[in-house]
Amino acid sequence: MQTYTIRKDEIPKLVEALKEEYEVFGPMPKRTSYVFAPVTDPTKMNLDYDSTIMSPKKYYLPSSQTLMEVSLKNATIEDTVKDILDQKPKILFGVHSCDINGINFLNRVFDGKYDDPYFQAYKEITTVIGLNCLEPCKYGFCRAVNKNFVLDGYDLFLTEISDTHYYVHVGSPRGDRILTIAHEFFKEAKEEDGAAFTAALHKKHENLPVALHIDNIHETLDLAWDDAIWDELGEKCMNCGSCALVCPTCYCFDVQDEVDLSISKAERVRKWDTCLFYDFALVAGNHNFREDPPARLKYRFYHKFRGAIHDQGEIACTGCGRCIDACPAGISIKDVLFRLQEYWAASPTPQGGL
Amino acid sequence: MQVQLKKDNEYVPHIAKLIKKTQMTEKETLFEFMFEEPEIRDLFTYNPGQFVQVSIFGIGEAPFSISSTPTRKGVIELGIRKTGDVTEAIHALEVGARSGIRGPYGNGFPMNKMKGHNLLFVAGGIGLVPLRSVINYVADRRDDYGKVTIFYGACLPEERVFVDEIEKVWPNIPDFEVHQTVDECHTTWQGNVGVVTTLFSVCAVDSANTMALICGPPVMYKFVVRDLLKLGFARDEILLSLERRMKCGIGKCAHCQVGHKLTCMDGPVFTYFEAERLMESI
Amino acid sequence: MAKAKAKPKVGIFGFTGCAGCQLNILNLEDHIVDLIGLIDITTWVMAKAENSPGPWDIALVEGSIAKKSEIERIKKIRENSKILITIGSCATHGGLPAMRNLRDTSAMKKTVYGDTTDHLDIMDKIMPVSHYVQVDAALPGCPMDKNEFVRAVKALAVGKTPQIPNFAVCYECRIRENACLLKEGKFCMGPVTQAGCDALCPSNGAVCEGCRGPVAQVNWGAEYKILQELGATPEEIKRRFLKYCPSTADMEEFQELVF
Amino acid sequence: MTSSNIELKHIARVEGHGSLYVTTKGKKLVDVKMSVDEGARLFEAFLVGREFREVPEIACRICAICSASHRIVSTMAVEKAMGIKVSEQDIDLRRLLIWGEYIESHILHALYLALPDYVGHESVISAMADFPDLVKIALKLKKLGNDIQILTGGREVHQVSVQVGGFSIYPEKEELEKMKYRLIKARADLQKCVDVWATLDEIPFERQTEFLALRRDDEYALVDGDIATLSGIRAPVEEYKKYIQEKIPDYSQAKACEHKGEAFFVGALARLNINKDLLLPFAKKVLDQLGIKLPSYNTFHNNAAQLIETAQVFEMAENTIERLLKADLEWHEPEVIPKAGKGTHITEAPRGSLVHSYEFDKKGLLTKADIIAPTTMNYVNMEEDVRAFFPQIAGKNKDEIMFNLNRLIRAYDPCISCSCHMTEVI
């Protein structure tokens, strides 16, 4: 497998070069934090970012999206899949492993017996340039959930091997395409680069220790159904939904019809929804399957660590830590998992913290 | 069995015309829809217990169980209660109006597995809508199934749906037995009074080689199941159709998650054995 | 398919308030022409000289009921309208003027007008419009959000119930990708406030002041703890909780709080 | 002779609820009473005990139409009380916000509320059918004003980003550039409105009165300056009580303002009369085109004055943006420490001088507030104008009298909600 290196200080030039063919998005500063945003000024893109407020799921499942337009006169329906495919191709620059895993998880949801043509269209037009995390981020615990590495889901993947260089893996023909149009920035990796890459991985594993084991989490949850922790958390949680919105694997959505002011056209719009909201399990006749706010918080955990195993074959958490950062009440999923772990006696806890 | 209608975009409904409206009660009406495209009309088939998503463009979309039986092709019958925006808009449709239908979704009842068994139907109120599909299916394939007992309960006599079939059609089918009850006493009502479980004392139910199919308001399940278990029904001989909020119908939006399963994909029909293991199911 | 009903007759009424919600209708520069095509505004004293005495299909009511004569007026409007919608926090929750509910109104009158106050028609307590008449939908906010208003009008025009977000401002704040201000140590009311404004204030770097009123199933206790940990005094928290919607002091959930 | 009453109940197309009661005997006018039908909100009372940071946020809710002015004057009064200095770019951003408010408010008043009378329509809504192009231009101009307020204040009504000590967010430079471009392009639109106005029939009317407005020597004063009158008084704003006296006239219970025991006028015409020497070229051109001789004592000229001022703030806005684009615009958290103190500030709201005066205790809680809004100041003048104008229309039928009185009151652009401490008359 051919690998490459690229100079860090050439990244802004690379971005400029790619802009002709692609719309480039990357971690850009916003007030006290970072967000994935159009890289208007490539010198402002910061690949040393800790985390972003929102995960890149927004490029695959926008927070609000028109699914189809219906003419109310003659009921002709036009979906918007083609509009997505017609967009300028996108590059997501500097996506961490946890987020690539998040996209892979969503792909499991939006594929299957019924595939979701919108998600698939976004996937079609999006090139992902991944970025290895060699240092832990403030709230993340990716290694505890085995999401600090990726097997696939990226087109190029960068690993910092020195103060001046990244090591580059090519993950797909789409990644190859970038090498073709911007070949002047990529050098074929030499032997010592390969050695530096191995050293970088070592460093990564030293830097991302793990004290949390979630192998038996679904069984742990079985045991914890009546635990006091849910009431305790329920008291703190304001069901504001922040955790679910920023999460790279939360995908619940609502669908609504909206008409235009001349009432000649209707749009069917899907919008992010969260299981923490009052309406989420509310049905006609005002029957609510999860009326109590704490029941909804608890449900989020059960869906992530139990339901998702059934539906998608893996837990719905990549350990990105965003929900911890986002929660105004200071609820930490990591702490909750630690506490639940105590339930499961057989789960050994090695020395050293997370 | 089922032919899957293959579509590029599962979210886009097919256009269907309302061809008949029959008011059943103050709030419930039976709607007969027919797909506009003949091709879809031919291909569209379903399993009793499955549901479709009906669109009133500009208002919204909502799930409804198919109340007709696939043994009688042509129209899709939906028995719909007026409770909110979409259902009110459906009720306001005039014959000839076009709306959207997509589906069928969900698993439906295990019609093959049920072959050769006696069947006990326990329906509450509008819960008869999906069960009617099974009942008429069984009526049309009479040889495949054993004895049929139908328990139907409603709050008030005037709130019963499909009264004609309950009173005139089904009792006349060989080996069919129908019992009804209402919750509240009513002067013109001659029949049984009490919740649907009181019918267990009116009519002896033999659990041997019998499967029970239940559909009704959420509160009903607990009590009916308790009685069925007492009568000796095995947990997997009791079939329930669950209701949850639904948006997509195809396993994406996650609203209908119950325990670790999805009502729209793994259900809406579950055996009691399964349902018992699904947290918060009933 | 949604069918456009005959153009509904709409009356827009101002009670005691700053007229900001009515002004926000005028501020719909991009939509006003279409809006006039969709509804027939037969009464609107602020913008029209010729005004119909009713009846109306939809009455939009702004402002608080701050004097006795306004009670009669609102009742009359209700009798003559099929649908009555409150616009803004004054009409929906009593608004800022209802701060008097928590104080001694006669002393307040004295502060403003001196000793001769007997002839004034000033009610001691300001209640939401829903206290006096049935309200079919509410578009809260100080001022009401003009986009939410357009959505509501469109919904009504096709016979749909206007959507009231049963979730907190944080939903919109997250979607607009703001870093949480509570995490910056600022006293944001977003988690206990009903969404619908597109998290306007946090997106402008300012805390949510709670102008849209409490969200469904509000968890004031949790917000109280957070603010306290950030250094707010109980009096300060109470002031914040009741600023735009002092009438919520009557809510059971509020009375359970210990200040 | 029997006396009869003319009641303009709920004067239409003004902001807030006001009524005018005129009693006549034959063709003679006996009594004029302006009344405020708005319920009292007791702002000055419920501001007491609030924290200094939220005072401007609450105070701007006195009136939506001049919420930006209320927000700024209140913020500046608080800052004066606490001795807080803000940066040059903060000052410029606040000024830009006010220019936006002027555009929006003057266009709203002159073209939406006042103009329909001149062209035979009951409202701008009905005028849409006959004058679609003009209405479209008016909408566009109004939107421009609002967009400037959104850009600098976060919202067109009740701004959010103006904070004591600075701002909670700054606009992007690109957005400012775009706004400047829009302003330059919109000059042509404003010109079209002026062209239309120039063709309207003038209503002849004159009454000698005093005019009061802010004045500074380097600029057409709108955001700060000294108190000035046309008759030549000039004094610092802190001395406002000497020149603006609140009293309860013996014929009514309303609080109203007088200057040296006489009625006086505040608003666009007052500013123009007092600051005519400081108009920028665009505004000067508009003034010339409309052919108004200054000083003017014709209240109806107030609407034309609004258009002239709109031209003035167009140019001021362009200049302010120009200066802002040269600043760094790096946002910083406002730093403020509460302190006991007194602070008074006056700005010119679009409809006239606006006074906010506060006292705070050392925790930064407000102990006293005095707010005088322009409509309160104009109140006595309005009644005097009605008396002076009446003979001119006394011969007309009742409908026409009402129509003309309505117009006169509307010429003031009264904002009755903002009269935060007017009491009822009747």
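Letters are used for the chains, namely A, B, C and D, taken in the order the chains are written, and counting of residues starts over at 1 for each.
Going forward, a residue touches a chain if its C-beta (ideal position, glycine included) is under 8 Å from a C-beta of that chain, and two chains touch if they have at least 3 such contacts.
Quantities reported herein were computed from a predicted structural model and do not represent experimental measurements.
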| item | value |
| --- | --- |
| Reference chain C; chain at largest CA-centroid distance | B |
| Chain centre separation in whole Å, for chain D relative to chain B (CA means) | 66 |
| Centre-to-centre distance between chain B and chain A (centres being mean Cα positions), rounded to whole Å | 39 |
| Computed distance of Cα centres, chain D from chain A, in Å | 51 |
| Distance from the mean Cα position of chain C to that of chain A, given in whole angstrom | 37 |
| Overlap residues in chain C, where contacts from two or more other chains coincide | 1-2, 158, 205 |
| Sites on chain B at which at least two other chains make contact | 56-60, 84, 98-99 |
| Multi-chain contact residues (two or more partners), chain A | 72, 75, 256-257, 259, 263, 266 |
| Listing of all chain pairs that touch each other, if any do | A-B, A-C, B-C, C-D |
| Chain D partner contacts - residues on chain C that touch it in the complex | 14-24, 26-27, 29-30, 32-33, 36, 41, 44-51, 63-67, 70, 96-97, 99-100, 103, 105, 107-109, 111-113, 116, 119-123, 142-143, 200-201, 203-206, 209, 236, 239, 243 |
| Interfacial residue positions of chain A with respect to chain C in the complex | 30-33, 35, 53-54, 63-64, 72, 75, 235-242, 245-246, 256-263, 266, 272, 274, 276-279, 293, 325-326, 328-330 |
| Touching residues (chain side chain C, partner chain B) in the complex | 1-3, 158-161 |
| Complex contact set, residues of chain A against chain B | 67-68, 70, 72, 75, 77, 79, 81, 109-110, 112-117, 225, 251-257, 259, 263, 266, 268, 270, 273, 275, 280-285, 287, 289-290, 295, 299, 302-303, 306-307, 309-311 |
| Chain A-facing residues of chain B, complex | 8-13, 15, 55-61, 81, 83-84, 87, 98-100, 218, 243-245, 247-248, 250-255, 257-262, 265, 279-280 |
